[in-house]
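After this come two complexes, each holding chain A, first together with chain B and then together with chain C.
Up next is the complex of A and B:
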């Protein structure tokens, strides 16, 4: 039996990974929940967030507090990219068969992946934590870097923020109304097209933010898009597509299964996650907290 | 008499299935006009064509003289046409108040209607303000869906089958409320299967059959002439 402090450290590691994934997955789930589009290119948005953040940091000074500015700038840049894609291209595919949307967003994955290689090359880039986040704190005998602590707090903050946005603001009520009956809302005078663009931008922003924030702990390489989209798909499938708290729960489950799976069977921990997803797909296809699709 | 709304030879189809074959009609300001006819003759499709929810394949929909055929629904709503759908279609997971608030935000068309004024017309809605709309009775939902549309300050109200599925007493109450709206100067275009309901409130009627106008005339004519009513609307 390993020491409790070691297990606790493993738990916190899993939680950190989970909150990174939640930040990204929340955007994917939001876009699906409102627009009913499963955006394969969400991982590409994440990758762009990482590269843009790296670029801005390189310009402003790596390893400085400009990190925060770079992260916000990268997320905003990805949101703008999302708006362009939604307004010019994606909106023509609403109401078509899902297959077209999948093909379209898959094409985006290929285009964006090649764009990254053309702009930044195929080498591995890296960034460092801002100076204010280089320290660590001792919790129950485990060393926890400030940065991990920040990520662990950011996840719930984003969840709460999105929940408040959806349930306590007029914009949120409009969005929920659009989900319930888009045509009716339009007949009441709402320009639902603009609402969709806003939601796509918010989703893309979260993906970009996730990508920017991951730069100090992961290397920035082509291929990080596909790696993350697989993981994010797993968490939204476990939690329930379109469900905010489901995505949160899915991320936590994913993080912990991976963190402790590595202790029990190091080579098969990713297999454990896939097995879990398969079981959920069979037993409860709409996910732990999702709702069955009524279409 | 210049018409507020005028349909000119409107043809509308859902994909390959054609429903309207040249509907023409007029509604003047302040009038209550009723579309009568059996199920499937094109009443709902006429309303949807006016609202831009199903785009007419040919013909003109003139609103104050401008052709609005082909406009998106939100633009038509903002131009002053309010749509009260069949089956009510309240936002079931939102509360009564939230339904009204969303509608107010959706439209941004200024005018006399506020949530407080909707509560004055439908006091029951105020009592139920915090209730989820999905849990209301049919009659309450009908009040909410009308109140919600009023938040956009329409000049013309399109009412699609408002009495459908409601108990007779509820229908009577609804009729009074709709009549009160008319007295306040609202123009109304009503689609109804219920002859009783429509003849009590309408000034003029159009009887639709197989996607065209079979008969048009004052409502009084149909009210008084039993034989004509039988001939046009025999069930």
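Up next is the complex of A and C:
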């Protein structure tokens, strides 16, 4: 039996991975929940977030506190990109069949992936954590880097923020109304088009933020878009597409299954995650906390 | 896609006439290599080395009076893609030879294509023993790089001298990682019976998050670790391991094979590099015992790549190409069987000294540089301290 401090370390490692995924997945889930569009290009937004953050850091000074500015700038940049895509392109597909939306967002994946290669090349880029986050703290005999601690706290903060936005603001009430009955809301004089754009921008912002924040921990490399979209799809399927807390739960489950799977049967931990997803799809297709689609 | 292949078909028809004439002129060499993703950290400079060699030999009139044309293709680090590119190079570009591939998944895959098409294939980088193992050996596959037996055993010789007995390993879960780890463990147990393998981690090749593997390994409390994570994979791993106190817990007793000590790896990490660990590399620009040929090579490389501190990987592409052209010159022919016969037992005089392609397993006696990394005020990145080139002969079996 391994020591408790080590199990705790493994738990925290899994939680850090989970909160990264939640930050990204929350945006995907949000966009689906409101716009009913399954955005394949969400992973591409994440990748753009990482590359833009790297670019801004390179301009401002790598390995400095400008990291935070770069991360916010990257997330904002991706949100703007999201607005442009939603207003100019995606908007025309709302009435169409879901298949067209899927094909469209898949085309976006290819276009954005090639754009990244053209702008930043195909090599691997690397960024450092900001100086204030290089240290680590000992918790129950486990070394926890400040940066991981920050990510672990950021996840719940984003969840809470989104919950407050949806349930405690006028915008949130309108969004929930739009989900229930778009025509009625429009008849009441609300501009649902703007509402959709805002939600798409918020979703893209979260993807971009996730991408920017991941740069000190992972490598910035073409292909990171597809890798993350697979993981994010798994967490939203496990938790329930369109459900905020479902996405949160899905991310935590994913992180822990992977972390402890490696401990118990190292070569099958990835298999375990996919098996879990398959079982949930069969037993409870709408996910742990999702609602069955009424359509 | 369909339209594109039609276009290509039409243009190749048009080219067919000129090509037949051209074929008398140039020697076409296909160069499938990882030119994108984490493997490009090594693949890109390897291609530069091959290109420099080709430019130099062409400036001297080529070989057998013919110029060499190098055709690089991106394999994306994927064996399927490498096979597709190799087939394409043979069928569409009509290359006469293939030098290339990087991973131990790509090398053996392209070897079967070379066998099918009777085209001499020189692997300048893939290390898996399986590539030239008796079961897979055929007249057209040669390896100019080191292999997993040489690398694993050399690392074992170094670790055996450390005052440690509890050993852990971490390696990507595919041919190279498995083979080199096996060679290391078997040889270490043979030369130092007191060692105990306390932990073995097998992340997948290209893993993005090593944290759970790092924690799991720390939990087993090894005193030293053998790592076979290479290229950008090592960079990602070290970036995640350092803040978790991994290298500190090991007292820097980590030996990183897969060229963790190469300038490409240390440069790309700068201050994030876990200085103090051991690593290997194919080349060092500041080799203290360098023969004049190496000094001259480094000077040319500096100029060619426009780098103040040139990369270590160009030598792999350079040596692979030199084996090929020396063999063509010796065979006085472009015929695959004649070049293959010329390659067996061929000794070349390369920048690292003389190197021989053994006839029995078509494997070059290519050893590597080893040393402990340290920061040197002269450079903004870690370098290898007391770097030595270790003779591979005793470990080649």
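Here are some notes:
Simple rule for what comes next: the second predicted complex is superposed on the first by the 295 of 295 C-alpha atoms of A that agree within 3 Å, B and C clash if a C-alpha of one lies under 4 Å from a C-alpha of the other, contacts with A are read in each partner's own complex, and residues count from 1 in each chain.
What we mean here is this: a contact is a pair of C-beta atoms (placed from the backbone, for glycine too) under 8 Å apart; a residue touches a chain by one contact, two chains touch by 3 or more.
As the structure is a computational prediction, the values presented were derived from the model and not from experiment.
Of the two partner chains placed around the shared chain by superposition, neither chain B nor chain C is touched by A:28. Once the two complexes are laid over each other on the shared chain, residue contacts for A:117 go to chain C alone; chain B is not touched.
Judged by the touch definition given at the top, the superposed model places A:266 against chain C, while chain B stays out of reach.
When both complexes are overlaid on chain A, the residue A:41 reaches neither chain B nor chain C.
Which of chain B and chain C touches more residues of chain A is settled by the count: it is C. Touch criterion met: A:222 reaches chain C, while chain B stays clear of it. When both complexes are overlaid on chain A, the residue A:258 reaches chain C alone and has no touch with chain B. In the superposed model, A:70 makes contact with neither chain B nor chain C. Residues common to the contacts of chain A with chain B and with chain C across the two structures: none.
Every residue of chain C that touches chain A in the complex is listed here, in rising order: 35-38, 40-41, 44, 74, 173, 201-202, 204, 208-209, 211-216, 218-219, 232, 235-236, 239-240, 243-245, 268-272. Those residues of chain A whose C-beta lies close enough to touch chain B in the complex are 170, 173-174, 176-177, 180-181, 183-192. Residues of chain B touching chain A in their complex: 51, 53, 72-74, 77-78, 83, 85, 89, 91-94, 98-99, 101-103, 105-109, 148-149, 151-152. Residues 2-3, 6, 9-10, 13-14, 16-17, 63, 117, 122-124, 126, 128-129, 134, 136, 143, 145, 147-148, 216-219, 221-224, 227, 258-259, 262-263, 266-267, 269-270 of chain A touch chain C in their complex.
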